[in-house]
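Look at the two complexes coming up: chain A is in both, with chain B in one and chain C in the other.
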Partner chain A sequence: MKKSWETIRNYFPIFGFVIVVVFFSIATKGAILSGTSLQSLLNQAIATALVSIGSVFVFGCGCFDMSMGGTLCMTAVLGGYAGIASGSIFVMALACLATALVLSLLKGLFAAYVEVPLFIVTIVLGFVLSALVLVIMGTETTILLNDAVKPIPSFNFTQMSAINIVALAGFFIVCVILFNFTALGRKVKILGGNPVTARQTGLNSVNIKLISFIISGVGVALAALVALLRIRSVGSTYGADMGTDVMIALVLGGMPLTGGPRTRISAGIIGALTITVLNSGLSMLGLDLAIIQIFRAVIYLAVVYVASMTYRTNLLPR
Partner chain B sequence: MKKFLALLLALVMVIGLAACGEPAGNESQAPASAPAGNSEAPESGEPVAEGPELSADGRYPAETVKIGFVNYDTTAQQFLSLQDYFDYLDDYFNFEIMYSESLDSAEAEFAFIEQCAAAGCQGIIGYYNEGREESVKLASSLGMYYWGQGQDPNVQEACGDDPYYLGSYYVGNADYEYGKSVIDSLVAADCHKIIVVTGGKDFGVQMFIDRYQGMMDAIQEAQDGGYDIEVVYEVPGWPGTEDFTAEQTSALATDADGLASALSALMWIQPISAAGKMNSIKIAAVDTPTADMVDLMASGLFVGVAAEIPDVFGLGVPMIINAVQGYGEEQRNEDGTAPLIDCGFWLITTAEEMEYYSEIEQEGGTWCFDADDVRSILYDYNPELTLDDMSALYSAVTMEEIQARR
Partner chain C sequence: MNEDKLIIETRQLCKNFGPTIALNHVDLKIYRGQITGLIGENGSGKSTITSILAGMQPASSGEMFFKGKPHKPSTMIEGAALGIGMIVQEQGYVSGISIAQNIFLGEEGRFRRHGIISRSAMVKAAQEALNNIGCNDIDASWYIEQIDLQDRKLVELARVMASNPEVLVVDETTTALSQRGRSIIYDIMRRMRDEDKAVIFISHDLDELMEVCDRMVVLRDGNLITDLDKPEFEPNLIKRHMVGRDMGEKYYREDYDGTVSDEVVLDVDNVTSGSGLLINFSMQVHKGEILGIGGLSHCGMHELGKVVFGEEKILTGSVTHVPSGQKIRDARHAIKLGMGYVSKDRDHEALVLSASIRDNISSAGLDKINDGPFILPNKEKAYVNQQVQTLSIKCASINQNVQYLSGGNKQKVVFGKWIGRDCDILILDCPTRGVDVGVKAAMYALIDDMKRQGKTIIMISEELAELIGMADRLLILKDGSLAGEFQRSRQLTEHEIIECMI
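And then the complex of A and B:
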């Protein structure tokens, strides 16, 4: 009986997502499930989903990364400048990947070697990256791909949805394989669950953390690239809320932010989709803006409470 | 494995429900080309013998036109006034506004535009536009009309021929003119040593760069005319920060007798009072007329306010309704491009003007452009309407011109 209850509780995040979908389907008279809306939901969820899926590895091994917003913004800005200077999507993608990997590696090295609480380091890093973006952009508040030396191909709403599906599905499948069907996932869970035990069993925590941050970097690079292709511009405030969005997504997805054995790769995508459906649904209902804020807060609290029943650990690191 | 099967089942269910849902988006629709039929007279007692078809509650048009409103700050005074104006128009016209929350990026703007399409909106008013022409293209690709931001030459150039792009209002180089007007007011009030509040000029925000340039050119013109005037201090940035407060203190330590602000100057009243300079400094600013400012102008502290008229953004409503009703072609330029409708702005220099403008621009007010004015630029009510008529109406904004229309 107890085991059955445990099993049911594991599905609470999925139940929460389905309840949110059903509620807004009824409230919007099916509009939220129209073809246009589903494509729109995917377009909105893509950045949070990609970053969150990659972050599962980082948070899973007990690393509390608060600099996702700054990392994403810097990646998109440098990628955008590379695209404008070259007029090439390929160069833009390479610049995004290189920037995200360098920044992620930097964070991984801090996490692995420096005895300072990582969440403090990443909070500071987030501020530094945001400030650096302002310095790099100078008096510009937005850079536009339309200013590229050669025209960069643009994609319409439907084409962009297809690109998003490929990017999200590809990254999700790779991460599922890495997390569930290789030793990496088990090592991440052990390291996040109890770093002392992990060390005593001979696990190389440095390697695990570096690999986790690198995977997270790939997610950030993909998110920055699809954002550039879709919006064809990037501003100095881009991704400012990504740090908190990722944490909310992971919690809504049923994963403890302290990592450990309850870490699940599905948390990233379930949480990102739940947030997106919630925000879109509330907006489509045409409610008073203040009511939307209150309604959203109540739903977040309810879903987080339900999700928290799936684990017993505290939110903050030990 | 069971977890992923459950996830897969959930996704299948969502996709299944999607197939059952009614499509709310309208990306496959072409712009309407035929006018709606005219059959019934309005029930509101308007003197229209054979007017357009109305809704059951007597509003025009018969079918509700849903419009998305892209906003950047839901607490801004101008936005709140505009909300009241839309509420007022809602009593006469059958439209519904879907407001965005405070948006701060092109990504958020795109998401909202897509949400509007999913919610069945037929048009977008671009009160805020970070994505520039890409926002217009997105709305167009989703089958929604887009009005606003035509003062951005990139938007006009890239989207002028798009049948879903309806153009915008046009106040010339409005921000530059606001800046000039502010300095002219201080010169008229015999101010010589000026504190200039520059807002986002140093952060690359174009509207503040233009306002600042207008101020500097007006100062230069005054100096060229032999008037003794100089800038004694520049205060950058926005209120609410320690830096701004420190700059305020330093600025008020000078012997300035005038303050020219590129943004609302209400946050200067308390510091000026604390510095004991209420009688020695005069203020001119770019701001929105409110009842609170009547006394400030009567006291002589404020000598000039250059104000954008909130109702101007309401022009998007009749433009979108016209397009939805099939008059999209009629309200385009002769070369087929989207029009820029000339609009005026207010330069308020007396308490009487401030009282009048603030009273009409509030809930229960008569507004700069009332329901009759808006009705006059709807093709179903005025088949002979031209773009020049629209520009003439929206340029006639002085107190005398508004009163003449009532």
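And then the complex of A and C:
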């Protein structure tokens, strides 16, 4: 019985996704599945998925990062400026990668060496980054790639879809391999499950955390880049909801935010799809933004409650 | 037995955990004025049946009666209110609050004066509860973390006794206690018996049970095998009932040859530990030696294990791995030099409870199962399966979470982590704590085997019999320093060693 329950629980995230899709298909009378809506859904889901998949490593090893939104925004803005200044996609990509990696490494070093709870550090960092973006942008609220010194090539829908798919599939596959077929995944799970055991087993927590943050940085850089290429502009509030979206995505995807042995890469992708459908569905129903936020909060709490309930009852002695 | 004295009765009690049958139609009777011992191998159902009686979990089927009335507590609080107090095997306290708050957890209302909880009244009552069990030296106003694991167990005992239970369940508690703690708990059990109350005592220590209990119930694989009165107590008979076959006499090492190679592998030089529990301590450990370390609680022996493994900071002195000439910096360095460490605190330090057997065992051997940068699942499976087979770990599959395993099987998983790595030096801190005779015998055989392969074992233990039975050389610590050294000999007695300890 326990085994079958575990198996069922493994499919919860997929059930959740299907239920959300079916619910909003009915509620919006099929509008959510129409061509343009589907296209916009996928575009939004790509960024959330890229950031969430990378975050699986960070949350998996027990680091609670709440600054994903600020990191993404700063990466996109600096990447955008580099693109405008150089007129080169390559330089833009490099700037995105450099920014995301520097920020992630900074967080990683904090997580590894500083004895302040990381969630506090990252909350503060999130605010600081949003403020810095405003400082950097000055009077501008949006920067446009069309203002570049040389024209940056633009891509049509088919080309953009190909770029999206290559970026997401590539990153997903690399992460699956790193997590399931190298020592890193095992180490992340043990470190997140019990840091004392990890230390006594000889695992290098500093390395594990730094590598995890670097991977998450790559995810953020890719998300910023595909967003820049698609929207061809970036605003000072870009990615504001990303921090909470990532956390909801991971929980909806079936992993605990405290990390540990139940960490899985699929949580990033399934959760990102679910939260995107949820966000779009709610706004398509014509609900007010504030109401949508409340809905998201309720769903988040409900999922965390159900998830924690299942392992609390499993801790009985024999 | 006089049926008037019957206080607890179970009829056809069953408990299943998925496909695992933990209790199979058990008819158990517990009488007043008796200390009833429950004995059986790990996973035989001892803790399961008592946890159902105390309300920690429900039975799958069957009936229970307490003082003649149907009994079905849904929580431990309800069980305690009815008069069943239980001291559990694992952690039973709440961290971060005072000892007094732990003792009166959930009963704070008793100390309410004009809507405010009187801290001083609570501390006073808690101190009385502690004094009542003979723990005058523990100050109830301290934080629970200020006292060691053994004293925390005694605080749990004080808490249970403060509610004046009619039935006291002591589940595998004495393994965490040294001689002083044990004598406190035995006194309480005898007092309960003399007051015509009932005690259920679970232990793996057969000698202890034979001495303390009036009656013994043997469980095996969830079945009640037999029920023996004191005159029928006979160690070999009981062991046979527990294991279901003849055990034979071999238990500890059979040889009394305590000579070891001259080659020194570890040199602990004038070490004072960060916790201050080890002071200017020096020792040398030889290749192929089983070095026993013993002493009373607070003597520094557990810290010594951590110091040698690089797990505890040292203020002065050094620990050198002699073959490489390197000073041990931290646990990771020690592991690289071929060392392994089995912590006394299995659940909090040695295992990730929510992880599978597979993840736990492979975690220490990731460099043994890799193929370049990759880990191939088949190779990992083969590695883990080999440890599971070598140690006969009872499990449905290697993907089972370790939290569902019994104490002995958990300990086997910890052993599996290090045996798989083929460590040259293994530090074992209370390796057979909470482990039954069958598993113990297997572990002793394994330790003996490792010695024969030229491996070095540092065995820290609170059980003198096992130290005498296994060690080539025995160091006794007292107040962080060496108090005595004994060579392996047939004549060595517990008495001599205890003299040296106190």
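FYI, the second predicted complex is superposed on the first by the 262 of 318 C-alpha atoms of A that agree within 3 Å, B and C clash if a C-alpha of one lies under 4 Å from a C-alpha of the other, contacts with A are read in each partner's own complex, and residues count from 1 in each chain.
Assume a residue touches a chain if its C-beta (ideal position, glycine included) is under 8 Å from a C-beta of that chain, and two chains touch if they have at least 3 such contacts.
Because the structure is a prediction, the values reported are computed rather than measured.
Participant: Taking the superposition as given, does A:Phe57 touch the first partner, chain B, the second, chain C, both, or neither?
Facilitator: Neither partner.
Participant: Classify the contacts of A:Phe24 with the two partner chains as first (chain B alone), second (chain C alone), both, or neither.
Facilitator: Neither chain B nor chain C is touched by A:Phe24.
Participant: Under the stated touch criterion, which partner chain does A:Phe213 make contact with: chain B (first), chain C (second), both, or neither?
Facilitator: A:Phe213 sits against neither chain B nor chain C.
Participant: Would you check which partner chain A:Thr139 touches, where first means chain B only, second means chain C only, and both and neither mean what they say?
Facilitator: first
Participant: Now for A:Ser283: first (chain B), second (chain C), both, or neither, which partner does it touch?
Facilitator: first
Participant: Which partner, chain B or chain C, is in contact with more residues of chain A?
Facilitator: Touched residues of chain A are more numerous for B.
Participant: Taking the superposition on A as described, I'd like to know which of chain B and chain C A:Gly260 touches: first, second, both or neither.
Facilitator: It touches chain C, and chain B stays clear.
Participant: Considering only touches as defined above, state whether A:Arg199 meets chain B (first), chain C (second), both or neither.
Facilitator: A:Arg199 sits against chain C, while chain B stays out of touch.
Participant: Under the touch definition given earlier, write down the residues of chain A that touch chain B in their complex.
Facilitator: Within the complex, chain A touches chain B at residues 10-11, 14, 17-18, 21, 25, 28-40, 43-44, 47, 137-142, 144, 146, 156-157, 176, 227, 230-235, 237-238, 240, 264, 266, 270, 279-280, 283-284, 286, 289, 292-293.
Participant: Which bits of chain A are touching chain C when the two form their complex?
Facilitator: 1-3, 181-183, 186-187, 189-190, 193-194, 196-204, 260-262, 311, 314-318
Participant: Within their complex, state which residues of chain B touch chain A.
Facilitator: 3-4, 6-7, 10, 13-14, 17-18, 20-27, 74, 96, 98-101, 104-107, 110-112, 114-115, 117-120, 130-134, 138, 141-142, 154, 158, 202-205
Participant: Where on chain C is chain A touching in the complex?
Facilitator: The touching residues are 16-19, 22, 43, 47-48, 51, 56-57, 88-90, 309, 311, 331-332, 334-336, 341, 343, 348-356, 359-360, 362-364, 366-367, 370, 373-377, 396, 401, 403-406, 417.
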